[in-house]
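Let me give you the structure first, and then I'll get to my questions.
Here the chain labels run A, B, C and D in written order, and each chain numbers its own residues starting at 1.
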């Protein structure tokens, strides 16, 4: 799937999420998403909340996966191990880069790195596994 | 800390989160929280989203931890490994039970189990680590 | 599978591992294994090494799983998230208690707690996922 | 620390492990280790065991860390989340590449990728956290 098709798919299937993220890059080597930080994502002090970073890593890996397997809304997260390393800078968007390391018949595995604003330091890192639905004939 | 004090602390420090959860039990052996599921937590199909379950496990362990160490807003999640096992039933609240397995000087480690409605099957399981702020004299 | 059958299966399929562990309990609710600590498992200072604790959690969950699904050597670990919390006491055996939280058609998920000697404090905690081989007819 | 000093340190502090691994590269950007596979590391069928891959990722990240902080035998693993993706080829050495993503005062966080023989496919992936001992004056 190309970027525009992925964007339309996200907006249709995950409207709550799609409003907050922009697909910046997507291809064979993975995906880069930007989180447009707003008040809903923040903890007191202006830092982005853990669940928001989890959501960003999860969606970014999902986009990287869909780019490889096409639109399957039914692929679901089965495991995520996330390390929070640094406090994101207040008032900055987050960027996430995810890649697919294994695309099996039943499971897809990969990882994601999250950055804050334009800084090069990693804010959070996640390993993710998705269970893939069986392919339907005709899809 | 007792339940009422914990509830007041959550409402003051994490207002976005506190509206959605109810502390059902808390004590030496851990905490039980209920997530009052609403539209914001749902994915199409009526199932609760992964980031929402992550948030529930994270807050529940935080409450279990605060019950032991008192109000420290600055304790932060450093790691969470979560397994999503079953789709939560649509239109049901979630319950989460968390316990502190290690309370060190710098790190606290524990786990959490999430259930859907009144069912006994586990919907998700998480291991969590928090970094504890140094104790200030006078606190 | 009962304890004696599980023990014989382990000895046949995983001889390197089976010499070091004793199945103490096994049933619907999980398994308890004892690691007979020897020099091969130790780090300088007499503490049990991380890879040894990983092996113990992995085998204990495998035994709990086999008790439910019967002898399938081909079930393989796909994910393990382990927290090391306390240094095991030198010169003590370790005990591990594992349980199966989800037994699906393709994946099994559970967790394990490791204790040192007779102490009640948890030394390590792991969440584990196994991929299950497709059932062959006639098995 | 340079490669020769790291090698000598490993041989002195972790003799059981040092015999099995070769430090191929080490520097600011991380470390590459080779596991010289032998019978002790194998499961029936000739594949490298899970605990062996865990050990390799753990030691490789430890070497990457020591290159940055100098010889501290007391740095200990507190968390490891590992995904096993593919069966390593029988009779092949493994290579592991680890990097330090965060070097804090108390915790160091990073990840590791494991490859089999000369192949480019990732065999396993791990996220790791180490707790760092307080720096002693004079060290």
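As a working rule, contacts are C-beta pairs under 8 Å (C-beta built on N, C-alpha and C of every residue); 3 or more make two chains touch, one makes a residue touch a chain.
Small disclaimer: the values here were computed from a predicted structure and weren't measured.
Working from the CA atoms, figure out how many degrees chain A turns to land on chain D, in steps of 5.
180
Tell me which of A-C and C-D has more C-beta pairs in contact.
Here the pair linked by more C-beta pairs in contact is C-D.
Which integer distance in Å separates the CA centroid of chain B from that of chain C?
The separation of the two C-alpha centroids amounts to 28 Å.
Let me have the rounded angstrom distance from the C-alpha centre of chain A over to the C-alpha centre of chain C, please.
So the centroids are 33 Å from each other.
Indicate the whole-number Å distance between the mean C-alpha point of chain C and the mean C-alpha point of chain D.
23
Quick check on chain A: which residues sit in contact with 2+ other chains?
Only 78-79, 81, 83, 85, 109, 129 qualify.
Which of the residues in chain B come into contact with chain A in the complex?
These residues of chain B touch chain A: 13-14, 16, 40, 43-44, 49-52, 54-55, 58, 73, 76-85, 87.
Mind listing the chain C positions that touch chain A in their complex?
Those in contact with chain A are residues 78-79, 81, 106-107, 109, 129, 131.
Which residues of chain A touch chain D once you look at their complex with the stated criterion?
79, 81, 83, 85-86, 101-102, 104, 109, 111, 113, 121-122, 125, 127, 129
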